[in-house]
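These are the structures in question, set out in turn.
Next come two complexes built around chain A: one with chain B, the other with chain C.
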Partner chain A sequence: MFLQTVGFGIVTASILALAAVGFTVQFSVTNILNLAYGDVMTASAFVAYVSATAGLNPWIGMITGGIFGSLFSYLLNRFVYTPFIRRGSKLFVMIIVTISMSLILQNVMQIIWGPNFFTVPIPAGSSVRFLGMIFTTSQIVIIAVAVAAMLGLHSLLTFTKLGKAMRATATDPELARNCGIRTKRITDLAWLLSGLLCGLGGVALVIDLGSFQSTTGGEFLVPIIAAAILGGVGQPYGAMLGALVIGMATEMAALVINPEYKEVVAFGLLIVMLLIRPQGLLAEVASQKEVAA
Partner chain B sequence: MSTAWSFYLSTVMVYLGVNVMACLGLNLQYGFTGILNFSFIVYQAAGAYTAAVLTLGPHTAAMSFQRYIGGWSLPFPIPILAGGAVGGALAAAVGWIALRRLRGDYQAMVFLVVSLIATSVATNDVGLFNGSAGLSVIPKPLSGVVGMSLVGYQWFYVGITAIFCLLVYIVVRRITSSPLSRSLRAVRDHEQAAAALGKNVAALRMVSFVVGGVIAGISGAVLVGFISAWSPGAWLYPETFVFFTALIVGGTARNAGAALGALLVPVIFLESTRFLPQFGPPGLIDALQWVAIGLMALVFLWFWPRGVLPERRRIIALPTLRKESEREGAQA
Partner chain C sequence: MMAGCQAAAHAINAAGGVLTDKIKCQGFDTRGDPADAVTAANQMVATTSNLLGVLGPSSDEANATAPLINAASIPMFADTGQASFDHTSLKYFWRLLPADDVKGYAMALYAISKHYLRAAAVFGNDLGSQSDLPTLLKAYRQLGGKMVVTQQIALGQPSYRTEVEQLLAAKPQVIFTEASPQADATYLSELNQLGHLVPIIGTDATIQPQWLSAVAGAVGKNTLAKYFVAEQPYAPATGPSWQVYQANLMKSGVSKPAQWSTDSYSMSDYDAVTIMALAAAMAKSTNPAAYNKLIPEVTNPSPGAVIVHSFAQGLAAIRAGHKISYVGAAGIIDFNQWHNSTGGFEIAAYLPNGNLKLVTGITAAQIAPLIK
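On to the complex of A and B.
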């Protein structure tokens, strides 16, 4: 039972890692706290649902969901967020703009699909035993996608010029621009990249949950924010670590206390973290950006 | 005026009073101090819940169909004042965690999470909050004492709401026209500068946050006495966003703006859609309403970011400088 819970924890942590890393990259490189993130996840899940019910392979549906998340995030920034920033909207106002977009997206999805629950049709594959843990095929795929995405992101950030430019932009945009980095292009790429993770995370989430509706992604924002803050916002590796901690802790709590309290446990961890170490677990960049005032 | 219209009008006026109180409270936090409190509705709900359990009476046979904490039947103003106290205490607890060391956008994230979690706890914890069913048949304050007709009591309640609204206005007005408000606005506009001038930024934020929490609690308590029902589903985080939209439309950092916003958005806009003919599947009109509220906020932020009644420019001429320039003018 314990090992099985660890298995669930790994699956939850994988989904959370996809979502939280995307969230934190978006926030650190673009400096916009996008509270519509969860709703873009839901929208990507609906795209995967539509393409899967249209007869495409559901795993191709996951890819279309990811691509949709990527493009949609880019367009959201291009046509909503950037114009508001150009108009001189300050930090507060931008947060209200993103939460307006969240509300609009969520309710447009409600208008299109109603308050019903949907399921992405995934064929029940055979289960796999591994170290005493049992995984379904879809869970294995989710873990594989998450690991691949994390390794890919790691190599991008460490080994490529693009990744270094991204890190530089996140740390100090003006200095980066003075060094000849085209920060606007880097920001666009960050939206595409974080949107991809957002979309993949959204599809993975609804495949794991089994069913979803227009509010699913918005509600998932709680563990995402908890994982991101736990790791130190703006820290991709911190978010991975945070996702692992939150994923494990919530599944353990579901075993020991009550599955209804998964989110509450994530919230409790967030509160403890804010009280003892508000800058997050990994905090070098965070301290430079004055996360904790 | 027919009885039906009188009944309806009095209902709308109570809603207006409650929304004006809430907008004044949120305006103190957001408009004057720059705290993005996305959990405002939670303090309102807490105040409402407190007032409800303080009037419902003990768990006797009549109330055994619902479960709640405690259960007293205290006389009229006490439950509402206690609602304010609980709203303030909850704000103090949340503020103690979120306001001390975090930057503004992180605070916003934490407040949003607080709101989502509060809904989840209240819905799941049947023992404490009776789950998603919530509380019902909450007695109306003084309804047994005054012995009025249904419509008469409605207008009596408008009076109660007006009194609390006035009290809240006086308190907010005292704060916003005092030097304290200048410090609050300094914290909002330039935190570091305010700190450099010796202002305790965290304490100032805390004052504004807790006062806002008390006001939220009172407004919730007044509302729950009127509608005599409470359920977690009625206090979700988008409701807070309605107040934000009201402030953006009416004008932030100005009490008249907050009151105007409360009239325009939650009352006139949301009430007028009630008269639309029903169309489409259930829930469609609600969803369209939310889209409209979101768009309204975006449109105002784009075209009129300062709202209908913009914040007054406070320009203080420096007396010595002016004298020198006058002197120069005289010499020339």
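On to the complex of A and C.
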């Protein structure tokens, strides 16, 4: 039972990691706490649903959902958030703007889709047993997508000029600009990258849930933000670790204590961790790496 | 509410009205919020002359407004399911629909009738879902069943696999459930993936279109049809009383009346207005304080009472000096000492085409011994 629970935690962590890393990449570069993130996940899921029901391979639907998330996030920043930033809006105002966008997106989706539930038609596939853990085929694909996305992001941030420019912009945008980095372009790319992970995370989430409606993504925003904060705000690797901790903690709480309290345990753990390490799990490690790079 | 009220008003007015007074339905918007509902109730009581009675209050506002309406001596036919009104002392409170907690008895009775002696209870940890659980646990144990696992699941989780594994390890023959559509869809699809579904008995909350579309999407329509049934208040869309209701509904001027034809809540509202009118006719007064106490006298079956299926029939019988027992569009009405008429339940199955099929009925008489 313990190993099975670990397996379940890995699936949850994979979905959370896709979404949380996307969230934190965008936050680290732009400093905008985008609370409409969960709703962009839902919108991406609807795009995947439409492409799958139109006859495309459902897994292609995941890619179309990711691409939609990427473009939509870029446009959201360009045409909604950036005008506020240009006017010098502070963090609190931006939070209100993102909450407003969240409500607008939810309501628009509700107008289009109604209050009904939808299912991306991907069969769960047969169960696979591995080291005492059980996964369905679709869960294995989700884990593989998450691992591939994390490795891709790691390579991007570590081995490419673009990644270094993103890290530099995240650390000190003014200094980065003075060093010749086109920070505006980097910001656009961060929204595109963040949106891609957001879209992939949204589609992975609704495939795993089985069904979804216009409010589904928004309902999962809290564990996503928790994973991002736990790892250290703005730290992609921290968000990966945070997702793993939150995913495992919720499943273990259900096994050991009571399913009713799995959220309480996960967030209790988050509070305790932040009391001990307010900067998050990997913030210090990451900052040392920035210096070294 | 307006559909049932207007259908009844049409029937009563066509029969000459209540002691020559015509019935008119007027809405008061409570916004589903206790604070707004108190204002609306006060406004209704203060500004409405010749108020015969009230349809409502409903769950969200009942605790706040029922005492106010009672204090104004206005009979109310509530559609709240709150168990706190099971033994109410409010003199003007009446309820035709079963209380939430009674559903648990119906579910347990059906499970035992199918010889399911090992069960799992999977309920959301929200207040609405939890309201059915205590009576379900009590009745199932009382009837000889063993609840092998009781799970109160946190809503809005990306996964319930660990809970599902625990449930599978307990090997239940049946699952009782009520949780949000999203939570139950995820839970049951994971159960389907990790093991296999077993028969599922849901509350009436699970028989709503949203729940059915979410879960059918997640586990497949055929799979859901194979394993799932749910209880709901029994309101047969047949019989002479329903035919009168249906005829008056169609002529009442209500927009798209057909949608209310089989709605048990609209039928109850229709019955409530009819009952108040009959009681007023019997009391020869539209003063609520005069006719309120006669409400059980026009409904409850009693020796020698003439069975009537409409206001017109009831009025004629009263004028002829008979005792009457009004059988409502939603079925037989039999108020207990706390002004509750529990009524029966039906067990309905889901069909792959999205419709529901009546499986069996659970009568109020079957439930009564369990409530004691």
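Annotations for the structure displayed:
Here is the rule we go by: the second predicted complex is superposed on the first by the 277 of 293 C-alpha atoms of A that agree within 3 Å, B and C clash if a C-alpha of one lies under 4 Å from a C-alpha of the other, contacts with A are read in each partner's own complex, and residues count from 1 in each chain.
Methods note: a contact is a pair of C-beta atoms (placed from the backbone, for glycine too) under 8 Å apart; a residue touches a chain by one contact, two chains touch by 3 or more.
As the structure is a prediction and not an experimental result, all values here were calculated from the model.
Superposition of the two structures on chain A leads chain B and chain C into a clash.
By the document's definition of touching, of the two partners only chain C reaches A:Ser127; chain B does not.
Of the two partner chains placed by superposition, only chain B is touched by A:Pro278; chain C is not. In the superposition on chain A, contact of A:Glu219 is made with both chain B and chain C.
Touch criterion met: A:Val11 reaches chain C, while chain B stays clear of it.
After overlaying the two complexes on the shared chain, residue contacts for A:Ile104 are found with chain B alone; chain C is out of touch.
Contact with chain B, but none with chain C, is seen for A:Ser89 once the two complexes are overlaid on the shared chain.
In the superposition on chain A, A:Tyr261 contacts both chain B and chain C. Of the two partner chains, neither chain B nor chain C is touched by A:Ala45. Of the two partner chains placed around the shared chain by superposition, neither chain B nor chain C is touched by A:Val29.
Superposing on chain A, the segment of chain C with clashing C-alpha atoms against chain B, chosen from 41-49, 185-193 or 221-229, turns out to be 41-49.
Shared contact residues of chain A, touching chain B in one structure and chain C in the other: 115, 219, 258, 260-261, 263. Interface of chain B with chain A (complex): residues 30, 34, 36, 38, 97-98, 101-106, 108-110, 112-114, 116-117, 120-121, 124, 191, 201, 238, 241, 244, 248, 281, 283-284, 287-288, 290-291, 293-295, 297-298, 301-302, 305.
Interface residues of chain C facing chain A in the complex, by the touch rule stated above, are 125, 151-154, 156-163, 165-166, 169, 181-182, 185-186, 188-190, 192-194, 209-210, 213-215, 217-219. Considering their complex, residues 1, 4-5, 8, 11-12, 15-16, 115-119, 124, 127, 134, 136, 205, 208-213, 216, 219-220, 223, 250-252, 254-255, 258-263 of chain A touch chain C.
By the touch rule above, chain A contacts chain B in their complex via residues 33, 35, 80, 84, 87, 89, 91-93, 95-97, 99-101, 103-104, 106-108, 110-111, 114-115, 219, 221-222, 225-226, 229, 233, 258, 260-261, 263-264, 267, 270-271, 274-275, 278, 290-293.
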